[in-house]
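Presented sequentially are two complexes of subunit A, the first with subunit B as partner and the second with subunit C.
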Partner chain A sequence: MANITFPFPFPVILPVLPEIIVAVMAMVILIWDLFLPAERKQWTAYAAIATCLVAIDATLRTTGADAQMAFYGQFVLDPFAGFTKLLIIGATIYGIVLSLDYMKSEKNIGEYYSLMLFSMLGMMLMVSATNFIIMYLGLELMALCLYVLVGYQRDVLRSSEAALKYFILGSLASCMLLYGISFLYGLSGSLDFAAVGQALGSLGDNSSMAVSLGLVFIIAGMAFKVSLAPFHMWTPDAYEGAPTPITAFMGVAPKVAGFAILARVVIDALPSLQADYVTIFSWLAVLSMAVGNIAAIAQRNIKRMLAYSTIGHVGFILLGLIAGGPEGYSAMLVYLAVYLFMNMGAFAIIILMRREGIQGELLDDFAGMSKVRPGYALAMGLFMFSLAGIPFLGGFWAKYAVLIAAVHAGHLYLALIGILFSAVGAFYYIRVVKYIYFDEERVAFDFSENPLMQATVAVTAIVVVAIGIFPQPLMDICRAALGGIV
Partner chain B sequence: MLEAAFFYLFGGLAVVAALGVVMARNTIHSVMFLIFCFFNASGLFFMLDAEFLGIILILIYVGAVMVMFMFVIMMLEVNFARLREGFLQYLPIGGAIAVMLLIELIAAATSGVFSSKTASTVEHFGREVNNTMEIGKVLYTKYLLGFEIAAIILLVALVGAVVLTLRSRKDAKYQVISKQVKVRKEDRLRKVEM
Partner chain C sequence: MGELNNVLGFPILSLSIFLPLIGAAAIWLFVHNDQAVRWSALLVSVATFLVTLPLWFSFDTSTHHMQFEEFHPWIETFNINYQLGVDGISAPFILLTSLLTVICVISAWECIAKRIKEYMIAFLVLETTLIGVFAALDTILFYFFWEAMLIPMYLIIGIWGGKNRVYATVKFFLYTLTGSVLMLIALLAMYFEAGNTFSILALMDYPFSFAWQFWIFLAFLIAFAVKVPMWPVHTWLPDAHTEAPTAGSVILAGILLKMGAYGFLRFSLPMLPDASQYFVPLMVGLSLIAIVYISLVAMMQTDLKRLIAYSSIAHMGFVTLGTFMFTQQAVEGAIINMISHGFVAAALFLCVGVMYDRLHTREIGDYGGVVNVMPVFAAVMLLFCMANVALPGASSFIGEIMVLIGTFNAEPVHLGMSTKWVAIAAATSIVLSACYTLWMYKRVIMGDLTKDTVKSMPDMSVREFAYFVPLILLVVWMGLYPLPVLDVMHVSVTHLIEQATTSKDAVAQALAQGLPPTGMH
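Right after this comes the complex of A and B.
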């Protein structure tokens, strides 16, 4: 026998407590579902929401002002990870609440909610990763659940098609990411972000082709996951085909996680390549803003329109990453937080409009909504104005923060392009408002009357307005959340 | 010298086999080439003294994954001729990207940043190192978190596959054992007047 010493040093697990709770509960729900009679399957959803609330509590309790390392420094819980985790869990709660009515008639809903929790778990691990292995595994866990969730309505052809496209392109992107990581590993001999950063810093010659290739492959892989143009091709199809609550969920949560880990990678692992990645990001941002805002104009399906809108918005969020520094990164977090509420609100209205057989997905379906349901019409109007960035709603401050950060960092031309495309984008958002308020009713409305959903819409609308009037608290929180990394 | 010769042998054959995977007209031949490619890759692992990884590659990829590939290909009956229709149409742009990438990869490989000290296998020759045990130690200590996440990923893959494919079919004939046990003579037997 060789000299194996027991016990191994037991890893620190307190910082991982929220993840452990989520993982255990997701498995418990998976099994509990088997013993529930068919009419009580809905309980799994409430259990999933309860899990999320407990996870929020655990995250708030465990996150301190300092970074806490766990698992031999491969996992970190700092204010940045804590804040982004709260956003991810918040997006998941929204996704579950929106699913309550929508998925009621589907089969296997226990697995549905448990897969959402697993996906959330993947994202939570991702934002806490300080090692490429953990980052990649978290990413795959998140993506694998999303592939299944997108194709959940297997009898709907476009749902299966969307899932297959998403899966194949997603696997390709994962390969690129891994290939890029392998380059950096070959150069530095380590997978820890900090060690890679040090090795690249001491390399001196960063113009080397090997470094550039590693950087490009990693950026390409990550750009796919957050649907930055030109890696956005899957987005409209996947958004349209997925069940609408999943569209809402994957429009926000993976973006939060993707940008959080991208920020961590560029700060910790690639600081010596700043000039290179800023150049690449600038092109990606301009392309995303252009594709997102121009292509959205031609869409008649509101889910496709919001897919292109997402592409446009991630372009703006990337501006924060390009600007860098405390101001840029906190602007990125502000944008992600505000985007969470705007996007979820808009999708909640779409889901409320779902009728028997017909889903409120075409723009025409919104015609004349203000006369039938002035409350919903007002909320949808607020969300659209906020997405467009009309002053004194949440979306305005989000755009303001990233644009100001870009200007301060010396990227004046990028900010100007951003403002230009923001004006282009305002057209199609306001067109929805025009349908709602100025067109005649074309189809009979029949809204689902779920009080929980209505409360969600009301709260979301209030939050969007409140952030618009008092943006300072959110900006302060986001600035404080950077304590751990900048 | 001998090591270099074997490296080029395995590496070269792996590249040839990989080309065969994409070029072969018959899908089964593609799978065979892929198996051959895996064998060569495992040879490379052996040369790095990573015999555990080499064996695992053969056992899992050749033994399990490729068998499943075979099943899928034989059961799905995909019309691969139709899949190839756009081949010439996409060849110019795809080929251009491939050539560009090849040039970049060669430039990266020859740029000297992958220094010989990391590539050398000689330094741990003659040391008492048990490959399998070292991997086990690292896997259950330093990479414990990653190991656990990988386990959850496998669980999700399992659940996902079941969720997407499990459909109760109306025409399927299920065996209900409780009914079979409870059945009485009167239910099945019928007296017929002769």
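Right after this comes the complex of A and C.
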């Protein structure tokens, strides 16, 4: 048999295999949805979950200890990208499972799951980018899908309002990001992270206005995406208005992707500006921890409260990035991984809970839950204590790891401020426990009884406790995941 | 890590830590009948108590080294180890914990009407964390148990407490959490300064300079002072005690308060000797305020539990005073006082519980003439009231007299005045505690039967009497023959005082100047 020769070099596509699978399946589900009768639309959800599982398998199989490049070096699959992709896909699976009951009554649900897969695809692309354009592409794919998902419940005014706010502010942030990238391109003549890094390094003059503008705009754009204060304004509204499964999804997955690509950018493209970005990040971290933890106290709606709680947590995660080095970045990954589980667990309980057929979203709605459903109450208590950072739960080690890293890197004051605000934060988390355990039931509960969701809650609670008692394996994995970048 | 000193060759400490936890999990999963829950909780707590007994019978009183040691790497990334062991200071507290838990389980037998299963589980989990605190030899492991303890206690007060329970439990949680957070900062600071180690034993040997000791001591002080509690951070305790269910108060007074003082003995004194000496005036001042001022406050209480809560703070003032005198007698007296207070305060709260179960009021004014209807109970309560006053023959007498003598003979460097005056001021407590305790006894137990409600009170049941018996025996035994208890702690305390009076600052300065270290033992 004659050798087949292509008229052009065949591109390396193996490292992109997970992305290809997801892209194809997202389109298939979109079309398949058209042919499904209304009562079988739910099948698209299971197809989406299957896609995610196949994507996990493909990611595990293709990720090696060495970095593999594709598309002429614009795309990289290294352990760092592989690990963050697993987190992103995991968050997407959670998002889909949580949607099963919640979105049952929506029409054309197939496109909903398809949009989630596209959004996930954008994030997967993002964490593998070695080039500002690929990063921007991934970011926009993720964001555009999220805008639609936030406003998915068209007949709910709150949902539409949230989507519009998110869209306008998000577009502004994308503009800032692009504007910042254009400065760096002007200075270096390249969009490749490493090339930009080299060019900036050889400039020698960090105080140049163009460099500063580029740095500030890029950070501002990314800070918006991961909802760091003072770029957090959209977060509470979008969280409150979005369908709750989407709130859970966007509370975790885009944060993982955002921090992963931010780490890659600062390591590869901005190493010569370390002193500058550390200063900016430090202020963002302090502000986020302060705004998140203090404003959360005043919230009566649990989704809004968790929105502010997210802002506080991203402030903590940023400490890992500020600390840098293997210790700092692995601490950041540990935090992201633990945060994935505890946040998703909390949202799962919110979604499971209904009061007289209406989705309970106020803190008051939790009153007396422990008497009706001790199992759910226990799980929610564990998630809340974990978010508060009480030992023997995963959240403690996450906080611990970033704080240790920050102190080792010489940021003692940041660590102290972090500890202070985690004590403040404990107040509103234990308040939820107070409602669950101490208050009397006021309105009848009406729990959603989906076995898949119940199993998810149970597994999540076990994972949070297991990480709390044996954090070493997770820490080892996160350290190994840095193979490609530091 | 060299050879582990464990005479039994068996992880007895781990077993006593995790047996209650496993028992709690088993009850949660498999036991669904209320009566079965009570019996299985009793079974688990008694089994745990039996497991801890070798800490007494196989204890080697001739060494200050840790015993029954266990060591496993836990989180290698941060050099955190699962390291356990006890010496003469911590062993008695583990026994006290396992004993009081049994008593708590029995005392809750009938009076807890709602959700008995969760209640028993909470107590067993609490026991796990408390034994863990006293057995941990790794600071993070210590912190782990210290913090985890908050969760069951938060729930115990919040679910089964009195009317104002939510306010009390949130206050309790936030006070202790703030203190704990500062402790975590101090632990991390020591970790970084001492070259990445969390081992309590290694930290005891590391020469911290005075500047380090100063700040770490202050952070520890706040954490431990909240727990003890010392004036002025004591205000959570009366609320927590008043609102907690009886058994919650028993554990709170019997064990939780001891954790703060134990922290001073385990961390502040041996690790920060120079700062401990430096802060003697502050500690003595706060202790005297607790003894004198809080005793006066106790006198004016109209709520039985509040009165005993304030009395506890005053007695803990004796403990902190003795701790910071750096003499053998005073420190041993402080520890005896802690153990004795564990019996006496626990018993007094149980007494209040007995009365509360009958009349559902804690107001002193609602009682009167109880002796006429409950003679046995009146005798039991008299015994513990006398013990609270530190009458000779009761365990508390031994503790208080040792603290007073030790204080009288002490010569702390930094006090700037004779400790004789301190001892004299502290001795007023004997009068003051007699005032508030006996006056309370008179108003509640003595007098004529004038209230119809009191007339209907039945005397103690056998079950109620049963849980007083071990406490009575222990109080009298320690009051008449304290030698075995003193023997257990003697060598450890001698070693502790040697650590606390050897300056680390001198060593640190010598090291900083490149001189060979001297003065290390």
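Keep in mind that, in the parts below, the second predicted complex is superposed on the first by the 477 of 486 C-alpha atoms of A that agree within 3 Å, B and C clash if a C-alpha of one lies under 4 Å from a C-alpha of the other, contacts with A are read in each partner's own complex, and residues count from 1 in each chain.
The rule is short, and it goes like this: a contact is a pair of C-beta atoms (placed from the backbone, for glycine too) under 8 Å apart; a residue touches a chain by one contact, two chains touch by 3 or more.
Here the structure is a predicted model, which is why all the values come from computation and not from measurement.
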Practice item. Identify the partner contact of A:Met380: answer first if only subunit B is touched, second if only subunit C is, both if each is, neither if none is. Key: neither
Practice item. Give one of first, second, both or neither to describe whether A:Ala229 is in contact with subunit B, with subunit C, with both, or with none. Key: neither
Exercise for review: For A:Leu284, select first, second, both or neither according to whether it touches subunit B, subunit C, the two together, or no partner.
Suggested key: neither
Practice item. State whether A:Glu111 touches subunit B only (first), subunit C only (second), both chains, or neither. Key: first
**Study point:** Superposition-derived comparison: subunit B or subunit C, residues of subunit A touched
**Key:** B
Check your understanding: Is A:Cys145 in contact with subunit B, with subunit C, with both, or with neither (first, second, both, neither)?
Key -> first
Practice item. Could you tell me if A:Ala409 is touching subunit B, subunit C, both of them or neither one (first, second, both, neither)? Key: neither
Exercise for review: Check whether A:Gln472 is in contact with subunit B, with subunit C, with both or with neither, and answer first, second, both or neither.
Suggested key: second
Review point. Where on subunit B is subunit A touching in the complex?
Key: 104-105, 107-109, 111, 113-114, 118, 130, 133, 137, 140-146, 149-150, 152-153, 155-157, 159-160, 162-164, 166-167
Check your understanding: So in the complex, which bits of subunit A are touching subunit B?
Key -> 2, 4, 8-9, 11, 16, 23, 27, 30, 70-72, 74-75, 108, 111-112, 114-115, 118, 121-122, 125, 131, 133-134, 137-138, 140-141, 144-145, 147-148, 151-152, 154, 163, 183, 186-187, 189, 203, 205, 208-211, 213
Point to revise | Interface residues, subunit A side, partner subunit C - complex | key: 370-371, 374, 381, 385, 390-392, 396-397, 400-401, 403-404, 407-408, 415-416, 419-420, 422-423, 426-427, 430-431, 433-434, 437-439, 471-472, 475-476, 479
**Study point:** For the subunit C and subunit A complex, residues of the former touching the latter
**Key:** 74-78, 115, 118, 143-144, 147-148, 150-151, 154-155, 158-159, 165-166, 169-170, 173-174, 177-178, 181, 184-185, 188, 192
